[in-house]
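Have a look at these structures, which come just after this line.
Here come two complexes built around chain A, the first alongside chain B, the second alongside chain C.
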Partner chain A sequence: MLDTLLFAVFPYVAVALAVVVGFYRYFSDRFSYSSLSSQFLENRGLFWGSVSWHYGILAILLGHLIGFLIPRSVLAWNGVPWRLYVLEASALMFGILTLWGLVVLIIRRFSSARIRVVTSLMDIVLLVVLLVQVVAGVWTAIFYRWGSSWYAGFAVPYLWSIIKFSPDISLVNNLPFMVKLHIIGAYVIVGLIPFTRLVHLLSFPFTYFWRPYQVVIWNRRKETRG
Partner chain B sequence: MSNQNKQPSEKSWGQQPVTYRELIVFFSLSVIVVITFAGLLVWKYIIQVDTPLVEATQSEPESNGQPAAQGSRGSGQGIFEDSCIACHTIGGGPGLGPDLEEVTDRQTREWLLEWIQRPDEVLAGGDQYATELFQEYNLAMPNPGLSETQARDVLAYLENPGGETSQEIVLPEGGEPEKGKAIFTGSVRLTNGGPPCMSCHNTTGVGELGGGTLGPDLTNVYSRYEEGLSSALDGLPFPTMQGVFADKPLTEDEVADLYAYFEQIDQKASEQISYDFVWLGLGGFLVFSLLGHLKWRKRLTGVRKPLLGGSK
Partner chain C sequence: MDIRSQVSMVFHLDKCIGCHTCSVACKNIWTDRKGTEYMWWNNVETKPGTGFPTLWEDQEKYKGGWEKKGKDLRLKMHGSKTGGLANIFYNPNMPNLDDYYEPWTYDYKHLFTAPEGDDQPTARAISLITGKHMEIEAGPNWDDDLGGSPVYAANDPNLESLTENERLALNELERVVFFYLPRICNHCLNPGCVASCPAGAIYKRGEDGIVLVSQEKCRAWRMCITGCPYKKTYYNWGSGKSEKCILCYPRLESGEPPACFHACVGRIRYLGVLLYDADRIKEIASVPEDELVEAQRSILQDPFDPEIIALAKANGISDATLASARNSPVYKFVKKWKLALPLHPEFRTVPMLYYVPPLLPVLAAVKDGNYDVTEIADAGLAPMLSSLEKARVPLRFLASLFAAGNAEKVTAVYRKLIAVRIHMRASRVKDIPEAEQKEALAQGNLTVKEAEDIWRLTSMATFDERFVLPPLAREVAVEAKVDPSTHKREVGFGFKKAGERKW
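Now for the complex of A and B:
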């Protein structure tokens, strides 16, 4: 019963919440559709935290997406053990990078007084949820390893069953607790998107990739760099 | 499209400064999270060293509230042939599980009814008979996920099976161990599209860093299951695997090849799982961080440092 609720009902609730509240927030408070600056002048922690986190999480999400879209190709790649090990070690590397980045960002957010005043309750909620999610993911990668292969057997058909509106929870309800936690955590995060700074996912400034450089000119005498 | 773009107000979404109380809540939560994970780690690797071969499952059987006192024998036969036959015979000798001929004379109806529905819970509850079965067969019966009505149907069938399904176990022949190993690792794909065994299982000598750990080590599965192995491969009647393999069963040839492979590696001892790939991951992480640092080592000398103007 609980499994049905969590694995068959909750995903729809989370997506519905994300869409409805996402639109509402967009039309009622459009300027908030970003990730509020966390004092980018504080640079050391931000570099190690934000760069590690974002490279890590992008690679990890991309990996999940690729596994979801072309599971048979991933299985074919994994058919030779050393290729499987290369994939798994790389994935774990990005997982650790993500975790490291997140921990640095958490420490930074609460160790700097400047950042603390721009920290909202939802930032805190989000950080806790992300921490649980990333730890559960890395845990799964290490202790229930070769997930890149069994993801194709368990998670992909399960996710398709959700998309086709006929959830098949028999695929996931016997998995270990930490794997279940990771699945539920993903839905929680989807549901949290419109309530948190995660909306910056939807307002990503793609045009920055091809805009011209911005030239910064200083109107100061002593500074020599321009 | 709305055209009332408001200016960000003081009470904009999620942008109020956080209070100290919330900070305390956050830190408590973080500490709880960390302690929980650490506790689980300790529990998993220090306290709970021996894990049962088949994980206990939590799948809850459906109950429709009004179970018939007496089940339907016909329906029970169908359920038996779908869910039980991979491990049990009626008068055909023990397979993975006991021969169920006259099982209703060995145990009470109530016990059997409970057992059919929730073997995992009965065993976990320390039931003596269940524990003896577990020790004898070295295998915990997976929860078949039957409702109370279905369990009564099965029981009705077991009380009066009529003898027509008595089966003998036919061992698969002609399998090639090499082919079986290729199927195990996945270099030869399963015909019906299931993921390869190595995704979740380890055997001694498979790959440099071993197989998966979601499921149990299968190095000595041949001697563990004896004749039952072929029916286990045939139906894969394990709760975690059922969801995946129910509609992607192994073919007869695949069963034979895997059977031959397991027979061949049976004399090897199962080894401690190696976690060397974690070091690879950690090493990669350090290299990546170092490269990032080198690539952006001038990051403090560009725009931001002058902006900061020497202030901290």
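Now for the complex of A and C:
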């Protein structure tokens, strides 16, 4: 019963929350969409924390995405032992980088008087949830080998079952606790997006790549040009 | 040609008395909110000095503005746009709070609540950031009037252009010299802040050229703080948004000059329209350094030229704006008389705030503890006490500030300023021989009429001559989108919610 709730119902709740509240916040309080950078108040800790964390987490997320999109190719790649080791070792390395970055960020949040002033309750909630999630992820990588292969066998079909609206929890309900925690953690984070500074993910400035350097806005003319 | 109109500014440094009234006027209106305490959209610096934030002019440190790469311009802070975004998680060239200062107040309450004791209670400093007691280590004008000059003035980046001896001479008491440099956002034609903003939140208003940060679009990627070489975009640490000088556009739209202009005690500030050719911005921003001043002048167009008027009209510039362009004091100072120069044109943002450099006191000597001017009189410098050849501030220092190192441009300005001075003294006090007066005018390349016009606009100008505001089209702008009477009921003060963090 609990498993059904967590693995078959909660994913939809989380995504629905993300979408509905995300839109609500965007249209009712666009001002609040911000990465809320705190670099101005503290520099050094942010360098070690933010750079490690972001490069780590983005690489890891990309890994999860690739595994999800092309599981067969990943399995094929893992067919040769040294390639499996290279993949697993680099994944673990990024995982540890992520963890290290996050720990630095958390220590920074609590040790710097200036940063404490700009720390909201949701910031703390988010950092704790992310910590649990990353620890569970690294734990899984270390103790349940080889994740990159069984991810293709269990997690990918399970995720597809969610996407196809026919959740098949038999794929996941026998997994070890830490792995389950990692899956639930992911949904919690998705659900948290609109309630926290994570909205900054949705604002990634792609347009910067193709827009001209200068932006001019006219009252009457429609176009914006340099 | 793409003729556009720009609300531009001239600051006449000879008239600045360094009173900071401008800064206070601005602070009281715009930056007395949480998160903005440390910001000074308008600040007044002592030169030589390191400025605010400390060493802002040192682009090796802060990487603001543009640099030439082959024929192209690129932001100094990135190799490329992609490279720039790679630094989005941590901006390696961003000044932080300590490069500005930690804002504070005093614990006044303690004066009333302190328990009875043997000592007088004191009001200790409290940080406006953390709310805790703090030691004050710096302020926004810590080096005012050369305070702490061995630390501050001695490290002015512009002194690099001087010889060792010249630098030492500036330290001698009887040769000490300084002037004030009031600074606001330059509302540039090729702004570094706009170009560096990944979110596209910063924009130039087409009609008047005012540069603004959209508070709704800003995502705190904090690249503009680095992109602006003048450090005139500031990060609001409370709201997570960048903010900057808005040239008091709400005041301009209701026909009043910006608060710092209005409040200025020395009446050093002038505001008016310049017409320019937007097609040539990149071109004039890319010329070699010693040509920058001239190139930036060349983009400004003559508002009396019928051809320019026709092109401007075709571009939607109104008759009223064109009329104000013809009356613009800025046009006179910058283009007609060539007296006002851009601050650090080598940053290549094409700033639209120009400075008339301060007249230079002559080298003097102290004899037996007295300030001795006999030598000056012997050298034929009395009664003006001003001379280009014997100036106390090396011209190269001023050239480094206002002409990207091109001393010729600064010299030409000084020849004019000195000519006006000699001419007016000769015609009013009549203690300067006519030959000398003629000679000075010839050197300054000025007619008598021009010299008198310059004198008038410099020292006698009325409020309406100093501030020639174009009609900024607030009603028109609104009307284009919604019925004005509906609009009137819908908004009053723009934001209906406090710009505070809620999520």
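Heads up, the rule we're going with is that the second predicted complex is superposed on the first by the 203 of 226 C-alpha atoms of A that agree within 3 Å, B and C clash if a C-alpha of one lies under 4 Å from a C-alpha of the other, contacts with A are read in each partner's own complex, and residues count from 1 in each chain.
The definition used in the following text is that a residue touches a chain if its C-beta (ideal position, glycine included) is under 8 Å from a C-beta of that chain, and two chains touch if they have at least 3 such contacts.
These numbers were taken from a predicted model, which means no experiment stands behind them.
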{"item": "Partner chain(s) touched by A:S120 [first = chain B, second = chain C, both, neither]", "value": "both"}
{"item": "Which of chain B and chain C A:I106 touches, first, second, both or neither", "value": "first"}
{"item": "Partner chain in contact with A:S37 - chain B first, chain C second, else both or neither", "value": "second"}
{"item": "Touched partner set for A:L201, first chain B, second chain C, both or neither", "value": "neither"}
{"item": "Which of chain B and chain C A:S170 touches, first, second, both or neither", "value": "first"}
{"item": "Which of chain B and chain C A:L62 touches, first, second, both or neither", "value": "neither"}
{"item": "Which of chain B and chain C A:W218 touches, first, second, both or neither", "value": "both"}
{"item": "Contacts of A:L5 with chain B and chain C, given as first, second, both or neither", "value": "neither"}
{"item": "More chain A residues in contact [chain B versus chain C]", "value": "B"}
{"item": "Partner chain in contact with A:A16 - chain B first, chain C second, else both or neither", "value": "neither"}
{"item": "Residues of chain A that lie at the interface with chain B and also at the interface with chain C", "value": "25, 29-32, 36, 40-41, 43, 47, 51, 55, 116-118, 120, 122, 195-197, 216, 218, 220"}
{"item": "List of chain A residues in touch with chain B within their complex", "value": "1-3, 25, 27-32, 36, 40-41, 43-44, 47-48, 51-52, 55, 72, 75-76, 78-82, 84-85, 88-93, 95-97, 100, 106, 110, 116-124, 127-128, 131-132, 135, 139, 141-147, 149-150, 152-154, 157, 168, 170-176, 178-179, 195-197, 216, 218, 220, 223, 225"}
{"item": "Of chain C, residues touching chain A in the complex", "value": "75, 81-82, 85, 89-92, 94, 96-97, 129-132, 190-191, 194-195, 197-200, 202-207, 215-222, 225, 235, 237-241, 281, 316, 473, 476-477, 480, 495, 497, 499, 501-503"}
{"item": "Touching residues (chain side chain B, partner chain A) in the complex", "value": "2, 5-8, 12-18, 22-23, 25-27, 29-30, 33, 37, 40, 44, 55, 57-60, 145, 185-189, 193-196, 198-200, 206-209, 211-214, 239-240, 242-244, 246, 275, 277-278, 280-285, 288-289, 292, 296, 299-308"}
{"item": "Residues on chain A engaged by chain C in the complex (per definition of touch)", "value": "25, 29-43, 46-47, 50-51, 53-55, 113-114, 116-118, 120, 122, 195-197, 199-200, 203, 205, 207-209, 211, 213-221, 224"}
